[in-house]
């Protein structure tokens, strides 16, 4: 067959057509009642195998440059290939009084590994920002929990650390107490990405949160009186001043478990797409007589897909909902109708909210 | 046209139901601003979609009913048969590349579309030259094609380079598309240009519906005067046009 | 309360300045333009959205997320099939945000979300009028609402909250951005919904109802504004 421009009919192998016309391939699958690349049902989710632990990996003992103390990790395997690894690490910062009675923030960095280097992609930035906003909206960790309010002292000759410092009249300890706070960072690596990452990244972080713990803090007694001279100026009379310093040390044998103020929320995503009966592949050969029979009226069918999970689905489903909820209610809903024909209606939204709750129940135990 | 505008001011916004669809009138030809999607053709009984904000117009031309939405805009999208002022931006062995709207897709002006074109006879236009021409052909996947002649008769018909002769002064005014259309096609009712001539202003003018008006007079002050009048008249009511002409003529000529 | 000026930028195809009680944006739309080769799509137009924040150089992650939301929503509003291989460029400059003054975000981290939602809400409405001004073919109209539910379970329209102090004193339980599609002068569907915080099913219903009522009310003004604009466009005619 050739059309009027004289372009001959071209045939593409399945893999090539998938990239050229993902929506065509997808809608053909839908007409057969299948999802491409996996034998999942329309309302099926990929299996999530999630392992969280509270092992501490402390990079600062290895290298001086990176001061990363990873206090909680989670590794999730989603489906057959996608792996997400979340590391929550700690930093220390001075307390801002305004923040002290509020909920803490987290500073996430999502990295989707796809064999490239350079500035973060839009997808990574969007996922990071969404997680940042979700963490605020979820109100999971109270700032109070992270503030360093007890400081131990270790005497040089003893192995024990004395945390009972209430009666120790030591200026330095009072200087530290309630003045410093832990800051949470999350580094989330996504390997062999398949489909939109945000919801799974969210779940992985939530799972890691359940294991979150912070070390107790102490100082060594012989470092208390350490003073470092600061030269103010070279030209004028050298006015030497000293600044008191102290080395905060972390006691990884004594960890404080952080109690979450709210239950972790579980995110899941859904998409809406309509079938296209005009591209129905006719399986039975028609007799010549049947040509006379009037064409049956074309009918579109709306299909709800849960857990958008492959490139084809990601590119052809543009109307999506992403819901994150816990037992007590929702913490975030994101509904975007990106396709003018396949639209998520209010009724679809209702259906999705029900499905999201069921999904939350089933995945919650798995993650915790 | 202006009377119609007064009588039925059907403001249409994107997504609205057309008045003539409401009254079940038959439409043969869809004009600007109305769109029939493939999806509506298949599933929604040819439901029409208004895509622009403007005034609905329903007319009978010959035996066809035409419906369109009249709207004003600044950016020109090529339509077959339109008269445009194009700027030459590049030239190749077979055609000039022209721009008819800033930063929009370029259009082509092949050497063959000039009167008395032969293989050796090629017009010597330089980059930046203004050419008055007509949109000959719109193709789905290729740039639009311009022509510099009436392709039925082969006559020059006033097309060609817009150039001020020695001692004359020319200028190009950018204005809105509907204003240009009105000046070009509705000269019987919209008498602005006639009024200018009545005020002893002699000038050459070429109006392209891509929002460009080229004017050429024998002195710089007159060019400026015509330019300012045309520019000012776009923003005001028709009843004030006489006053504006008087004001600028006084300012520049006398 | 809301003041709208259209065609504020002369050299752009369409522009709009949108001022609410607490925020101000200026947006511009150009198109259809000639895109870079890599943005060229064979069957539809590419849509590019740029948002510049009220302070600092953007776009940071905050703006990238807003751009993404806008671009996906516009994808279904603009008749993209009408401009194949071309580009529609949308620019937004936030002129003022209630949380502009230094340190005003720090009362409550939740204000981070409120602040970007306020920007996004104004951008949505302003860009709609810019698109109308540029006469880009649209499939329908839309209107964006921003509501918050406070700890007393009251639904509050944020666009009407004037001072920073009253914004900060709202103890948000949840915040909802709802963009409705309007066809044939009636609300036909939700185009975008973005909810954050702690909320339940009945809160969603409450907010959707409030937003629908607000959209119907506000869109009357938008409609009469567009009527005025069309009249202005043909001022030399009558």
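Going by the order they are written in, the chains are A, B and C; count residues from 1 in each one.
Definition applied: a contact is a pair of C-beta atoms (placed from the backbone, for glycine too) under 8 Å apart; a residue touches a chain by one contact, two chains touch by 3 or more.
Labels paired with UniProt names: A = Ribosomal RNA-processing protein 43; B = Related to Exosome complex component RRP40; C = Related to Exosome complex component RRP46.
Everything numeric in this text was worked out from a predicted model, so none of it was measured.
Between chain A and chain B, the least number of touch steps comes to 1. Here the chain at the heart of the shown protein, by mean C-alpha position, is C. Distance from chain C peaks, on a Cα-centroid basis, for B.
Distance from the chain A centre to the chain B centre is 54 Å, each centre being the mean of its Cα atoms. With each centre defined as the average position of its C-alpha atoms, the distance from chain B to chain C rounds to 33 Å. As a whole-number value, the distance joining the C-alpha centres of chain A and chain C reads 27 Å.
Residue positions of chain C touching 2 or more other chains, listed in rising order: 139, 181. Residues of chain B in contact with two or more other chains: none. For chain C in complex with chain B, the touching residues are 13-14, 30-34, 79, 81-82, 84-86, 132, 134-135, 137-141, 181-185, 188, 223, 226-227, 229-230, 233-238.
Those residues of chain B that touch chain A in the shared complex are 39, 42-43. Put simply, chain C touches chain A in their complex at residues 61-62, 64-65, 68-69, 72-73, 75-77, 103, 106-110, 112-113, 116, 139, 174, 181, 189-201, 204, 208. On the chain A side of its complex with chain B, the touching residues are 278, 298, 300, 341. Note for the complex: chain B touches chain C at residues 1-2, 5-6, 11, 13-17, 33, 35, 37, 49, 51-55, 70-75, 77, 103-106, 140-141, 176, 178-179, 182, 190, 192, 233-238, 241.
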